[in-house]
Amino acid sequence: MDKKTTVALLLVCPDTNGIVSNLSSFIYNNGGCIVDSDFHNDHQHGFFLGRIEWLLEGFKIKREDIKERVSELCTPYNGKWTLHFSDTPIKVAIWCSKQDHCVLDLLWRNQAKELGNAEISVILSNHPDLKSKIDNFGIPFIHIPMNKENKPEVEQKQIELMREYNIDVIVLAKYMQILSDNLVDTLNNDGRTVINIHHSFLPAFIGAKPYHQAHKRGVKIIGATAHFVTAQLDAGPIIEQDVVRISHRDTVNDLVRKGKDLEKIVLARALRLHLLHKVLTYENKTVVFE
Amino acid sequence: MDKKTTVALLLVCPDTNGIVSNLSSFIYNNGGCIVDSDFHNDHQHGFFLGRIEWLLEGFKIKREDIKERVSELCTPYNGKWTLHFSDTPIKVAIWCSKQDHCVLDLLWRNQAKELGNAEISVILSNHPDLKSKIDNFGIPFIHIPMNKENKPEVEQKQIELMREYNIDVIVLAKYMQILSDNLVDTLNNDGRTVINIHHSFLPAFIGAKPYHQAHKRGVKIIGATAHFVTAQLDAGPIIEQDVVRISHRDTVNDLVRKGKDLEKIVLARALRLHLLHKVLTYENKTVVFE
Amino acid sequence: MDKKTTVALLLVCPDTNGIVSNLSSFIYNNGGCIVDSDFHNDHQHGFFLGRIEWLLEGFKIKREDIKERVSELCTPYNGKWTLHFSDTPIKVAIWCSKQDHCVLDLLWRNQAKELGNAEISVILSNHPDLKSKIDNFGIPFIHIPMNKENKPEVEQKQIELMREYNIDVIVLAKYMQILSDNLVDTLNNDGRTVINIHHSFLPAFIGAKPYHQAHKRGVKIIGATAHFVTAQLDAGPIIEQDVVRISHRDTVNDLVRKGKDLEKIVLARALRLHLLHKVLTYENKTVVFE
Amino acid sequence: MDKKTTVALLLVCPDTNGIVSNLSSFIYNNGGCIVDSDFHNDHQHGFFLGRIEWLLEGFKIKREDIKERVSELCTPYNGKWTLHFSDTPIKVAIWCSKQDHCVLDLLWRNQAKELGNAEISVILSNHPDLKSKIDNFGIPFIHIPMNKENKPEVEQKQIELMREYNIDVIVLAKYMQILSDNLVDTLNNDGRTVINIHHSFLPAFIGAKPYHQAHKRGVKIIGATAHFVTAQLDAGPIIEQDVVRISHRDTVNDLVRKGKDLEKIVLARALRLHLLHKVLTYENKTVVFE
């Protein structure tokens, strides 16, 4: 079943009667076989959020016409909807700095086919350190040195590279630079999604050196958070979080070491869910259809 | 929204096209407002499993006719289905022995309205120890002493009491007697559900004294398991499990103490999910629509 | 072994050579049998933190002389030390408001002998709601109504009651009032320890309505934190924390419900560790010798 | 502090008075500075288990004489003891088959200096698949094809290679062959430790295809277990375990994918603890001084 092409429709809109019925009847009446469906009614805010996935094989509407027909179906609901064919590759760029654990982990998972239909097109870094390790994976590694003076130019270069590679998703895999508002806005306006891993259990320890903050505060558990990037630092919709227990015997270095395992897993889970089109955002939150 | 009466339909059947469409259209076409829906397609075994819940208010089919109309809708799918009105109380009996933590916890949760529409009708015990504590809750406590000789008579008495109180769900809250096959079969044939809490992470440490077994084996994590009771000991469909970390410093008594917290929470979660009609069973497994 | 009286010595001091040797030789040379010992060297701050527990039986120094002899032993280390006999009851007061789950849980655990040698002497509340439930346990319940105007008088009354009952440990079991700086200082100066349960994973969501904050922020995990109370709100040394996973399906009410289980367990664990003299504080953090 | 050479002494013996005093006085009286110490008294079985670590710098006994002096100190206790200098490399061999996740993870952690003073000397595999990936790390990869007929010869070859490379620790990193009793005994008699990762929460799902077993049984949580290898399959002392939650939506493939993350982390934690000399075994269990 995994190998067959599927179509996934995601819809967020004001809640009203008949949405599930209309969506599922559209598929059924056109010969479609649903393989997965998940719906959520947010009664507090009056939203419907749904995801429905069906086999392309046997569906009577031609592939090239599906988008238009779905548009006719969904437009009346005054929400936002997206449509995804599982055989369409999703172009991913990874941005990193000096730390290798997240970027190597993602490259390994991509080889292991854990990241859906991802196509990791390019790795960007503001440091040259990881070049040789990444070269083993045969993916272009572009090093753009950055300092306070050239940051605007570098960001312009980054925007252009994302356009050149036609990137869908940018993963900040321990990219230790704060993105300017202009950079975030331009990437988003270009239709690109940006996912970041923050090395704390947000909203605790926003900003720099969260493990040092956690150690000083004496918490008994540390965490990591993967979130979509919006202009406000560390405040975008959270996709996934996880935690690990620590004790007084753990130094800051131990927190960093334990945290690396968290960061890898949380980022990979979040990216996978996004690449499988299982994440919807609304009201600065996410619905994750696991 | 919580207070309004809802109707929940659960269906397990061989998978085929159009089920979601038919179920949701039935509700929509009769003016129903879906408040929650969740579907699962088990591609390995070819099963469809679904739960759909809608407001009774505004639904055009009269309450007394809904069951028949749903029967017409679902019978063709050759599966099993159940229908539940949220304002119908569910009669619960709790069976216990000497340990108080699970039964007191359930009584407390019932007062706190955490157990859906449960009506705890009677407490049975083979020991008198907990009588005074349970009397505080104003629920009948029936003590039936049991020994090797009178076990068949006691079980017959238990069957009759369940009939007398018209019990829907029996909770074995640390009831430290093994139910005979005849008892299990009769309760099930009478249409009653039996839920047990086992004090291990099943299938590890089946049978007696699991904490002693765990301590001897030197595991680093212990667990608890809530499951439906079938004739085979500790082998029924698992509803919920949870675990807690232990270390070499923990004695068997520490395991027992830590385990009690697990047992309470796991049993309460499982019972709550069942009372909210969120659990489906098939192939000796459960689907839990959380 | 559990039943025999033990002596526990806790010491925090600047680290230097020979401390473990001197402490353990003092016990050995006086015929003592160590039943538990745990030491920690904080190399970052240059502290030694230790706990050593031995049997009173067989120890050649008379019970009434032990304190003086330990003082001679420990004073040269220029730190702080405390000495505890396991058969000395620890007088506990629980302060609560309207919510019953934490206070009832502690009373139940006390009956089950899970709280070491605690003697729960009195329950204080600013609301009358829980009186009848607590009366079942035969512990005095004192209701002192509080409003903006009478807060200083009420706090003075609270201080006096704690003196009258000679309380060692005050547990804020969902006591929904902020303690004034004067109250905290006076209780601490009187030699009383105050432990609070905060319904979030501190330092996330400090202050009021943390579950509402968590729901709005869209976190995927919620937590609870037990900490010693100092004058600064929610900023005292953390004793214990735990977390539970949530999803988009959970409303604020679900967070409250799931959180209650966390709050009970985290508070009970923290109190138990404190009552067993397993918690040391320094640098606004705790060392927990589990 | 991390960089300075330390000496670690581990002792298991029948419990008696004065052990901590004698050990710590030996160090203190010879000018040693303790950096870490942890003791455990198993009252059930009457064992003392301890670990004490001190700086070599400043210790007045010459490095080459320490072992003899410690022998004089510990022999009277009639237990077993080991002595470890932190600057002595520990020679590690990794055995694997076709799956790359555990072996690559260990190689990456070794580069990141997470595995103490490990020196990964050789990788053995019964399949050639991973050669090119491992070649990137510059470690010898030896492929020895195995089938039913040549298993005894291959095992003899494995024994010889371990001798040739003078290996201290063998890590079975998803090595999908059962070791014969003779192989296990010979490796152990040669003084080598063998650590295995089993892809279940032992003792649940011993043997082959644990993820299939777990899926069929319908458990809600899966686990992984790292243990020392003894002649009896999957029954050696457990060093570390961890778990992850699953749901009815997870197929066997999902369990395998989620399990891989568990396996990597659990194996790495266990190996790290062993390489830092923090694990003691007795009574087929471990004491882990974390």
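So that you can tell them apart, the chains are marked A, B, C and D in the order they are listed, and the count of residues begins at 1 in each.
Criterion: a residue touches a chain if its C-beta (ideal position, glycine included) is under 8 Å from a C-beta of that chain, and two chains touch if they have at least 3 such contacts.
All values derive from a computational prediction rather than experimental measurement.
**Student:** Report the chain whose CA-based centre is farthest from the CA-based centre of subunit C.
**Tutor:** A
**Student:** Look at the interfaces A-C and A-D and say which one is made up of more C-beta pairs in contact.
**Tutor:** A-C
**Student:** If you average the Cα atoms of subunit A and of subunit D to get two centres, how far apart are those centres in Å?
**Tutor:** 36
**Student:** Find the geometric centre of each of subunit A and subunit C from their Cα atoms only, then give the gap between the two centres in Å, rounded to an integer.
**Tutor:** For subunit A versus subunit C, the centre distance works out to 42 Å.
**Student:** For subunit D, which residues are shared contacts with two or more other chains?
**Tutor:** Residues 43, 247, 249, 290.
**Student:** Would you tell me which residues of subunit B are touching subunit D in their complex?
**Tutor:** 40, 42-44, 49, 201-205, 217-221, 223, 237-243, 247-249, 251-252, 283-288, 290
**Student:** Residue numbers of subunit A touching subunit D in their complex, please.
**Tutor:** Subunit A reaches subunit D through residues 2, 100-101, 104, 108, 112, 114, 136, 247, 249, 253, 257, 260-261, 265, 290.
**Student:** Sort out for me which residues of subunit B touch subunit A in the complex.
**Tutor:** Residue positions touching the partner: 1, 17-18, 20-22, 24-25, 27-29, 31-39, 41, 43, 245.
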